[in-house]
Amino acid sequence: MRRRTVPLFVLAVLLLALSGGCGFKDIDKRFFVVALGIDNGVRPNMYKVTLRLAVPSSKIESGKTITEVESFEAPTVAEAVRHLKALVDKELDFGHCRVILFGKSLIEAGMDEPLSWIARRRDVSSVAYVGMAEPNAFDVLKLHPLSERYPGNALMLTFGSEGTESSYTLTEYLFDLIRRRTETGKDGYLPIVRKDIDGNSYRVDKVALLDKRKLRLSLTPEETQLFNISAKNFDKSAIAIPYEGTRIVLALSQVRTRVSFSGTDVPEVVIRIRASGFVEQGPPQLLTTKAESIEKHMESEFSSQLEDLLYKIRDSGVDPYGFGLRYMAKIFGKPKDWEKWKADYPRVTFRVVSDIRIDKAGIVK
Amino acid sequence: MAGMLEEVKRQFEDATDLLAETLDNGYWKMDLAYFPALCDEKIKDGLLVPFSYRFDPDEFRRMLRANPKYERADKPDQWANLLLKGFVLLSIEGECYSFKSDRAFTTEPGTTEIESSLLGPQAAFSEDLNMNTALVRFRYNVPTLAAEPYDKGKYSNTSIIVMYDRELVNSTVLKRLHERLERIRIDLLNASSALIKDLTDRHYRLFPTILQTERPDRVASMLRKGKIVIIVSGSRFALILPVRLFDFMHAMDDEYDSYWINRFLTLMRYLGIFLTIILPASYIAIVSYNPEIFRVQLAFTIDGSRAGVPYPSFVEVFIMLFMIEALIEASVRLPRIVGSTATTVGGLILGQAAQQAGLVSSIMIIVTSVVAISNFVIPNPDFSQAVRMTKYPFVLIAMLYGLSGVAVLFFALIVYLCNLRSFGEPYFAVFTSRIKNLPPRGG
Amino acid sequence: MYRYFYYHVIYVGLINIMIFVPWTLLQHRFNGAVSAIGIAIVYGTALAYLTTFLFSKFPGLGLADILKAYLPRGLSVLLNLIGAAIWCLAGVLVVYAYSTTIQQFFNPDMNPYLFLSLMTLAGVWGSSRSTRTIQFAQEILLLICAPLIIMILLKAVFSPWLDWNAIRVTAGYVTNPPSFVAFCAASFVFAGCNTLAVVNRLLPAEARIRFKWIIPIFCTFFLLVSFFIPIGFHGTVAVGEYLYVWSVTADSMIMEYGFVYRVLFLFLLLYTALSLMFAMNTWHTAMEFVKACHPKSKPQPDQYPVGPANWWISAVFGVLTIAYALWSNEERNQMVNQNWLIAQVFTDLLTVLLLSGFAFRKKRGQRRSAPAAAVPDSR
């Protein structure tokens, strides 16, 4: 055994000696980037990169978080990030970068380059939340909401399912955005992040629809909720319809959709939605008399609203629902079928068949 | 025979505690030699009374022939050995006999100190060989239990007994054991642990391949599984071989408690091993190499708690590990009176004050206490020491390579454990040598 | 006793990610990969059944011993060396692929050869153990890793972000004629049975390998999962752009309430164990092939302590790995991987043909020398 200890010892010493630059960096020598924002620069062909950095503190209280916002302009995102390293005293660590915002003007021009930088990086996780910042990412990221317990937590809770789950907020992951940008038959969308009017929280209640390169359409909050219900089957949403002078709000507890195609030459998309829920707001004595007629009224109203939305989306030339992909999956299509669909899409008709059931009316009749 | 006394007096030249005299009861002369310190009271009724005032020559001769305690001792080279073992040498009518009268130092079985159980028996081995053998026979009460005596130790002449069940034992292991016992060269055999080093194939094994226990019921259950037990005179611990790693993680309470509690506690023990080995290393790896592994909230907490610490994480880990090892070691050696002070000092002051002085982070205190407590969940003290040592290579690797290095070393550890053989039997193999593979008793 | 055989089948099925099998298949996803998968399932199952059946005719012997017994010495040495080369290269490729992956995601600032040397050392240590030790270690590692693997796979299959339409569209390309490279890649998943070349020494004569239907079920499942799940997560077009396909796919899942948020890290740590297990086994098999070239060697599945020959041969493999890392870059690595996948199809076929020839001759009672069978002393 003595024969073996000497080479082992030499090996161990070698390993220790070689381990000089092996990436050992303590956690308190790193600056965690919690949010990344990319805008168009002031000068043409420049990108403005904004980083929101978390300053660690030993007190964890709401509103006592300290963040530092740094930004820099450069011809490419990579150069900007590199230059930003010279503006801070600790090593930039993108490992916890969970929110990526793109400025509106950037998306209107086309965001291929920044996205390719993000896709190449190994440390930005593919499940980072992406969004569009209005008016631009720098202004939105400079906001410091009062209720944050950890730096950057507010947006993470908004988008994830741990915090608030609102039907006006859509969640989009980075990998899904990248997928939708190249997929045949499905287009991308981004939630729009704005600052609240009094400037102390975020307002995420709209969605922006993109085609393969840039921004095409922004939906209103009501349309966003409809989109959420129909495309994402989001069950914590609500349907509000006018009824005899007042409005009835049905809070949904279960949503299921089924898409089928009919028609011979130009396809007709039939969407069947089955939703059930309970009445949150409505006139008294609602259910005793007219449950059936209310349901029918809701169904027709809802179907027409959704059909309007679908036509509006179709007319702007995008397909965030993925009808094209579904059609190809149904007929096991080949490239020439896809070409036919693409040509037919502006003339496609939609039909919504909804089946709404009122389960309960709350605790009051 | 004057030869016996002379020979004995010559061999034991300066031993003033040796009684070597010629007794004369008027009818016969008897040469007597024994160590009064090593012999007990049975001499009086067994030898001296029949010789002195209840003497009858025929009866005495009959006693010499019929009493099993008397044996012929004709070989002069055995005399010294017999005397030292507590026998009485007597030479009468030209013939030499030995009378067994060795003194037992303890007459009560001990109580368990290291391996206590809640519901099981509390009797433990004592330091007397006969008592221990009796305890084993009491628990494993069948005629197939074989016992082979040996004498080992050049200067201590310790008697040891090898016990096994004749029908269930693995004969290759037994043969290997006999070979190794023949080859042992040891000077002083004072405790069974000294025997372990010579019985294993390499002296510096980290993980124990022979089990030491103080409980007779564990010995009995091991004998049922076909294992071999070695009892050493003068030591409270019996050796059991061959063993598997799972035997070290098996406390006797598993036989006496309810089924679900067993499962839960076994799981906790393995979790304890895992935490002891991996936790300090993963602290270094996560704090210094990959803080993005954990959730973002945890990363910020760790970041905040390390706010005042001036040196890198592995120095912190080494400081705390040293403190906890020193604490554990000191609590073994402290006199009982001072014992509670140590816990107070160690627990409260070192931990809390060190963290407040900014020397260590509070997360490190938690890590250290979890490591220390998990270590003691392991039932067997030898194995627990071995696990205590294994965490240091992991800390070293984490310093160099981070979490991936820890994973690679974990793989290497598992391969190492599977590579060990305890007397030819695999050490760390699941689903092998279950008791149902053994032949059933009585059939 | 034959459960050791199934562990091999399972982990070879799982390690296919590291030999670029999914990457190759995804490159050909519109050019015949799906039909190649279908053919590979049938071919692989048939080959697996045949291999196990043939090996059961020679109980207690490894492939190297059978070759030594039935062929003239020169030919058997040549074939043994070819076998050793193929097996050794497999281990080298997996270790290299894994260390580059880890170096990307875990330790980007480290010298890449450092981690490679660590893995090589661990692989050398593992492969120089005796066959029985390796089987035990493999069993325990798989038992530890299995729940995590199942959890990740189930997470992937039931994730709401998995796009079944994209999967269906790709499956629709089954009508395209199959491509040979994709076929070779897909048949690797079924190649776990070839480890019988060494494990057969541990199987006593009366142990028959039962439940052989496990092989097609598991291997088909792994093959389909490793091909279709990345498509479901990344879409039909974008999936071809990624280099480390499965790492990015694992990154697209989260454990919302778990300790570790991103599944990627768990996945990579799991694959440490699997890659090292694979390297340990392949280098051990290659070492046994090399040892069998010596005329006086006997099969010894349970050697303790292991002889110095084990150390030297394994050390040579370790040096080969580092040399390969110095020579290789990404393109060359891909080329070597593809060629290796093609070569292993041919060697599998050759093995089956040779074994059937020998089995036939054995039935007729002709033999060159009496092969010394290894008898393990206890189960």
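Descriptive notes on the structure:
For reference, chains read A, B and C in written order, and residue numbers begin at 1 within each chain.
Operating definition for what follows: contacts are C-beta pairs under 8 Å (C-beta built on N, C-alpha and C of every residue); 3 or more make two chains touch, one makes a residue touch a chain.
Just so we're clear, the structure is a prediction, and the values are computed from it rather than from any experiment.
Viewed as a network of touching protein chains, the structure reduces to a complete graph with every chain in contact with every other. Among the chains present, the centre nearest to the common Cα mean is that of C. Averaging Cα atoms per chain gives one point for each, and the point farthest from that of subunit A is the centre of B. Computed from the mean C-alpha positions, the centre of subunit A lies at a distance of 64 Å from the centre of subunit B. Averaged Cα coordinates give subunit B a centre that lies 45 Å from the centre of subunit C. Chain centres here are Cα means. That of subunit A falls 40 Å from that of subunit C. In subunit A, the positions touching at least two other chains are 15, 19, 22-23, 25, 123, 125. Contact of a single residue of subunit B with at least two other chains is seen at positions 289-290, 292, 296, 401-402. Among all residues of subunit C, those that touch two or more other chains are 107, 110, 114, 262. Those residues of subunit B whose C-beta lies close enough to touch subunit A in the complex are 202, 286-292, 296-297, 299-307, 309, 312-313, 399-402.
Those residues of subunit A whose C-beta lies close enough to touch subunit B in the complex are 1, 15-16, 19, 22-28, 30, 32, 34, 54, 56-60, 93, 95-96, 98, 123, 125, 150-153, 156.
Taken together, the subunit C residues at the contact with subunit A in this complex read 104-105, 107-111, 114, 117, 161, 163-166, 168-169, 171-173, 233-238, 248, 251-254, 256, 262, 264.
Note for the complex: subunit B touches subunit C at residues 170, 172, 201, 289-290, 292-296, 401-405, 407-412, 414-415, 418-419, 421, 424-426, 428-433, 437. By the touch rule above, subunit A contacts subunit C in their complex via residues 15, 18-19, 21-23, 25, 122-123, 125-127, 160-162, 173, 175-176, 178-186, 322, 325-326, 328-330, 332-334.
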